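Two complexes, one shared chain (subunit A), two partners (subunit B, subunit C).
Moving on, here comes the complex of A and B:
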C-alpha cells in the first residue's frame, strides 16, 4: 500500500512542477481573486439588496441570495465538468506514456513493486490531482460566496464531486489505451472522444428513435450501452450544485455505471500489463 | 560456490503481430557465482538486454528456468535485493535528483535519511541533487541512475552500460565505485560495449551472440583460451619450417594444443631447443571478435 501511495505521490509531485497544472491552479486562483475583489454584494436577511461586478449593477431588484448562488453554482458545475474534463484529458494524457517510457518502466519493474500497484498508483495519482482541482475551484468559490453573502451552501462541492466521478471514467479509458498503444496524443484524443461519446450516450434513446429501424439502429444502441452517460452526469452535477430535486435511483445508477465502466477498463489494463514484456 | 543467478535452457521468443517471430535467447545456460563481477559482452542484437530483463522479471521467458538470488525474479522479495541501472535511463524530468532517490528508496521498501541520500549522491559524484533531473546532463543522469541502483546496498547489481555518457574522468570514478561495491560483497553483472572497462572491472566474462553463450569463464581463462602461443627457442634460430611465425613477440604458433605439440616435435626434430611456451593473452576485443568468428 505504501508503494502504491508513493507512485501516486510521485505523480502529484511531477504534476506540481509542470506548467499545465501550475496554469490550471493559477487560473482558478485568478478567477477567485477577481471575483473576490470585484464582486460587491450587500446581503440583508438572506437577500441581495445590492450587487456590483467590476462596478456594474448585476440586479435591479432585490433577489434571494440562495437563488443567485444556485444559478451561479449551476453554471460553475457545468463549466467545471466540461472544461475540467477537457483540460484534464489533455493535461494528463502523458502521465501513462511517461510511466511506460523505455528506460523508465524497466527500472520501475525491477523494483520490488507489483505491476498492479504501478497501474493503480498512477490512476490514483491522476484522479487525486483532479479531485484537488475540483476541491480548490469549487471549495474556493463556496468559501468566497459564503463569506460575501453569509449564506453557506456546500452543494457546489457535492455537484463537482459527481462531475469528478465522470472524469475517473474518462481517465480509465486514457490509462488503459496506453497498455495497447503508448501514445500521449492517442490517450488525450480518446479522453476527449469518450467525453463526446458520453454526451451522445446520454441521448441514446432519442437519437436511436430518430434513426431508421434496422441493423444500424441496433448497432448504435449496443455500442452506446457500455459508455457512461456523461452528459446526464453533467446535468446531475449542475442540478445538485443548484440544490434542485433529483431522483436518487437515477443518480445511483449513473454513478454505479461510471464505477463499473472504470473498474472494467482498469481490469483490462491490469490484465494487459501483467502479460506485457517491456 | 553459491550461484547468485542461474539460467538453464533459457529461450525468449518475441512474437510479432504481423512480422516474423524473433528469437532473442536460444537455450541459454549460465550461472554467476556469488561475489563475482560478470561481464556480458557481445554484438548489438546478441540478446544481452533481453537476458538482463529476464533476470529482473521485466520480460517473461518463453521457456527455461531462471533463478536469481535463490528465487523467482517475479517475486518482489527477490527484486528488493537487486539494484538495476537500465541502458538509456529515462528519469522523470520534473523531479529533483534527491526526490527521485527518495521515491526509489520508498519503492524499495527502505527508510533512508537525508544524510544518507547526500552521502550517496556525493559517492556517485553528484553535488547537484537538489536540481531538477530535467536540467541534468547525460552523465549526471547516469550517475543518478547508478545511485538509485546502489540504494540499500543490494546483493546483486545489474548494470546496463553504466558509463555511457560519462566523461573519461567520471569513468575512472565509476570504475572505482564498482570495485568498492564488489569489495563489499555485491555480485555485479555488467553489460558494456566498452571492453576495456569490462576488462578492468570484471573477473568473469560471457560472450553472447544470437542468443547463445559462445564463451564463458574467468577473465584469465577467456583471455588465454586462445589458440595463440608464444614460444621461445634457445639461441638465434629459424622455426618457420616447423610451423611457427615470427612476430613482435618472438616466435608464435596459431592453432590448438595438438597442433602446438606437433609443431614443437617438428622443431625439436630439427634440432631446436624450446625454452618456454606461454599462452598469449588477448584483450577482450580479440576474445570477442575471435569467438564470434569461430563459434562455440
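Moving on, here comes the complex of A and C:
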C-alpha cells in the first residue's frame, strides 16, 4: 500500500512539474468564470424573481428560492456529471501515454516496485488528481451559486463525489487501453465511448424491450450487465444535489459496481503489463 | 520473466471474477425482472378442429333453376360464406358468437356485454338465448347477419303487429315494418336459421340471391380457407383508414393510399390473439406503413417501460409487425393474455354493477 501511495504521490509531483494541474484547474476555473458572469439570479427575501442564463429567460414566475435551487442544483449536477466526465476524459487522456512514454517507463521499471503496484499507483494518482479537480469545480460552483442566490447547499459536493466514482470507471478503461495501444486520442475516445455505454447500460431493460426477442436481445442484455450504470449514477448525483430521497442499497450497489468494474479493467491492464517488454 | 508471464493469467481470472461480481451487484440495483407474458396463440392458419367445423357447415345446396338442364347439383356450401359478395365497400367480418360466449372467458364476456338485465331475460323468454341459440354473427358492409336456431318463432313477438312478411327466394322471407317517421324498415330471415338486419331491402335481397346461387359465380371476398379463428374477415382499406384516421389522420391517409384490404383473424379460445394481413396497393407506401406501425409500437413499448407501466409494456411486447415472405404485404400480430382479459372483464362487470346500483339509487323514491 505504501508503494502504491508513493507511486501516486510521484505522479502528482510529476503532474505539478508538467503543469497538468495548471491546465486542469485552469479549464475548470474558465468554466466557473463563464457561469459566474452569465448566470444572473435575483434573490429577494428568499424568493427568486428571475433567473437568466445567457440572457434567455429561465424562470419568469416568483417561486420559493429553495424550490428553484433544488431544480437548479439538479440540473447543475446533471451537467456537472456528464460535462465533467467528458471534460476529464479528454483532459486526462494524455496522462497515461506520457507516463508510459519511452524513457520514463524504463526509469519506473528500474525502481524496486512491482509492475502491478506501478499500474495501480498510477491509477490512484490520476483519480486523486481528478478528485481534486472535482472538489475544486464543485466547491467553486457551490460558492458561486451560494454567493449569487444566498442559498447555501453543500449537497452538490456529494453529487460531484458520485460523478467522480463514475470517472474512476472511465479512467480504468482509458488506462487499460494504453497497455494495448499507447494513444491519447484512443484513450480519450474510449473514455467517451464508455460514458455513452454507461448511459445505454442504465436503460438496459427499456432498450431490450424495444428489440426483437431472440439472440440479439439476449446478447445485448448480457453484454450490458458488467458496464457501470453511469446514467443511473448521474440521476443519483442529481437527486443527491437536490436533497431528494434515495434508496441506500441501490446507490451502494451502483457505486461498488463502478469500483469493481474499475478493478476488473485494471486487472486486465495488469495482465497485459506483466507480459509486455519495454 | 517466464515466472511473470506464467502468473500473468491470474490477473485475467481475477478480472473475469470481478466483472461477474460487478455485474451481479449492479443487476441488483435494477428493478426486479418480471417474467415475460405467456405466449398467446395467434391464428395464422386453419387447424384441424376448424377444418372439421368448416366441413360440418357445408349444409346448403341451392336448388338449380328449372331451365338449368340435368347437370350435377352444385356442391354444398356454408350459408354464411355463400352470402359473401365479390368485394366489399367497408368489410365482411364473421364472429363465431357461440364459440366466443362458450370460451373460457365467455361467461365473463357475456356478463360484461349483456349484464344480468331484462334484455337477456326477454331474449331467453323469446327462445333466443344468445348463449345457446346464436351460432354466428356477421357484418357484411351495412348488413348484420345472425345465424343460429330460430325455428321457434318466439322472436316474432318483438315485431310490431303491422309487420308484413313475404316470401323471397328458396327459403327466404322479407319482413317490412312501418317506422314512426313513415318510412319502412325491412328485415330478412332465411330457413329458420338466419336473420338479416341493417342495410336496405335491396341489399338484403342481394344477400338472399347470392345464397340461392343466383347471379354470377365469382370469387367471394371471404371463402372457406379464410374461416379460421373465432373472428375472421376482410376490411376494406377505406373503412380501416376512416377508423384509424379519427385518431391519427396522417396514418389513416397512409393506409388509404397504401393498403388494398386487410384480412383479420382473431383467436379468443383462451387468450386473445390477433393477426391482420395487410394487402398492398402500392409497395413503396405499404413499406412506409409497415415501418410507421413498427416504430409506433417500439416507441410505445419504450415509453411504457420508461414510465414504469410494465404491464402495458408487456402487452406491447406481444405486438409485432412482420414482412410477408417474398412480397410487399405485411402482417400485424398482437395478443392479450388470458389474465389481462379476465381482469378487464371483471373490471367491466364491476363498473356495470356500480352503474346499476347508482341508477337504482337514483330511481328509488326519497323518504
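One rule holds in what follows: the second predicted complex is superposed on the first by the 205 of 278 C-alpha atoms of A that agree within 3 Å, B and C clash if a C-alpha of one lies under 4 Å from a C-alpha of the other, contacts with A are read in each partner's own complex, and residues count from 1 in each chain.
The rule we apply is simple: a contact is a pair of C-beta atoms (placed from the backbone, for glycine too) under 8 Å apart; a residue touches a chain by one contact, two chains touch by 3 or more.
Nothing here was measured: the structure is a model prediction, and the numbers come from that model.
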Q: Quick one: classify A:174 as touching subunit B (first), subunit C (second), both or neither.
A: neither
Q) Between subunit B (first) and subunit C (second), which, if any, makes contact with A:2: first, second, both or neither? A) first
Q: Based on the superposed arrangement, let me know which partner A:264 touches: subunit B (first), subunit C (second), both, or neither?
A: second
Q) Which of the two partners, first being subunit B and second being subunit C, lies in contact with A:103: first, second, both, or neither? A) first
Q: Tell me which partner A:112 touches in the superposition: subunit B (first), subunit C (second), both or neither.
A: first
Q. Now for A:256: first (subunit B), second (subunit C), both, or neither, which partner does it touch?
A. second
Q. Where does A:205 make contact in the superposed view: on subunit B (first), on subunit C (second), on both, or on neither?
A. second
(Q) Just checking: does A:225 make contact with subunit B only, subunit C only, both, or neither of them? Give me first, second, both or neither. (A) second
Q: Enumerate the residues of subunit A that count as touching subunit B in its complex and touching subunit C in the other.
A: 275
**Q.** Residue numbers on subunit C that touch subunit A, as the complex places them
**A.** 4-5, 7-9, 11-12, 14-16, 18-23, 25-31, 33, 298, 301-302, 305-306, 313, 317, 320
Q: Note which residues of subunit A are touching subunit C in the complex, please.
A: 115-116, 203-207, 209-210, 212-213, 225-226, 228-229, 232, 249-250, 253-254, 256-258, 260-261, 263-265, 267-268, 270-271, 274-275
Q: Going by the contact rule at the top, pick out the subunit A residues touching subunit B in the complex.
A: 2-3, 6-7, 10, 13-18, 98, 101-114, 275, 277-278
Q: Note which residues of subunit B are touching subunit A in the complex, please.
A: 14, 53, 56-60, 76-77, 79-80, 82, 84, 86-92, 94-95, 99, 103-104, 106-109, 132, 145, 148, 158
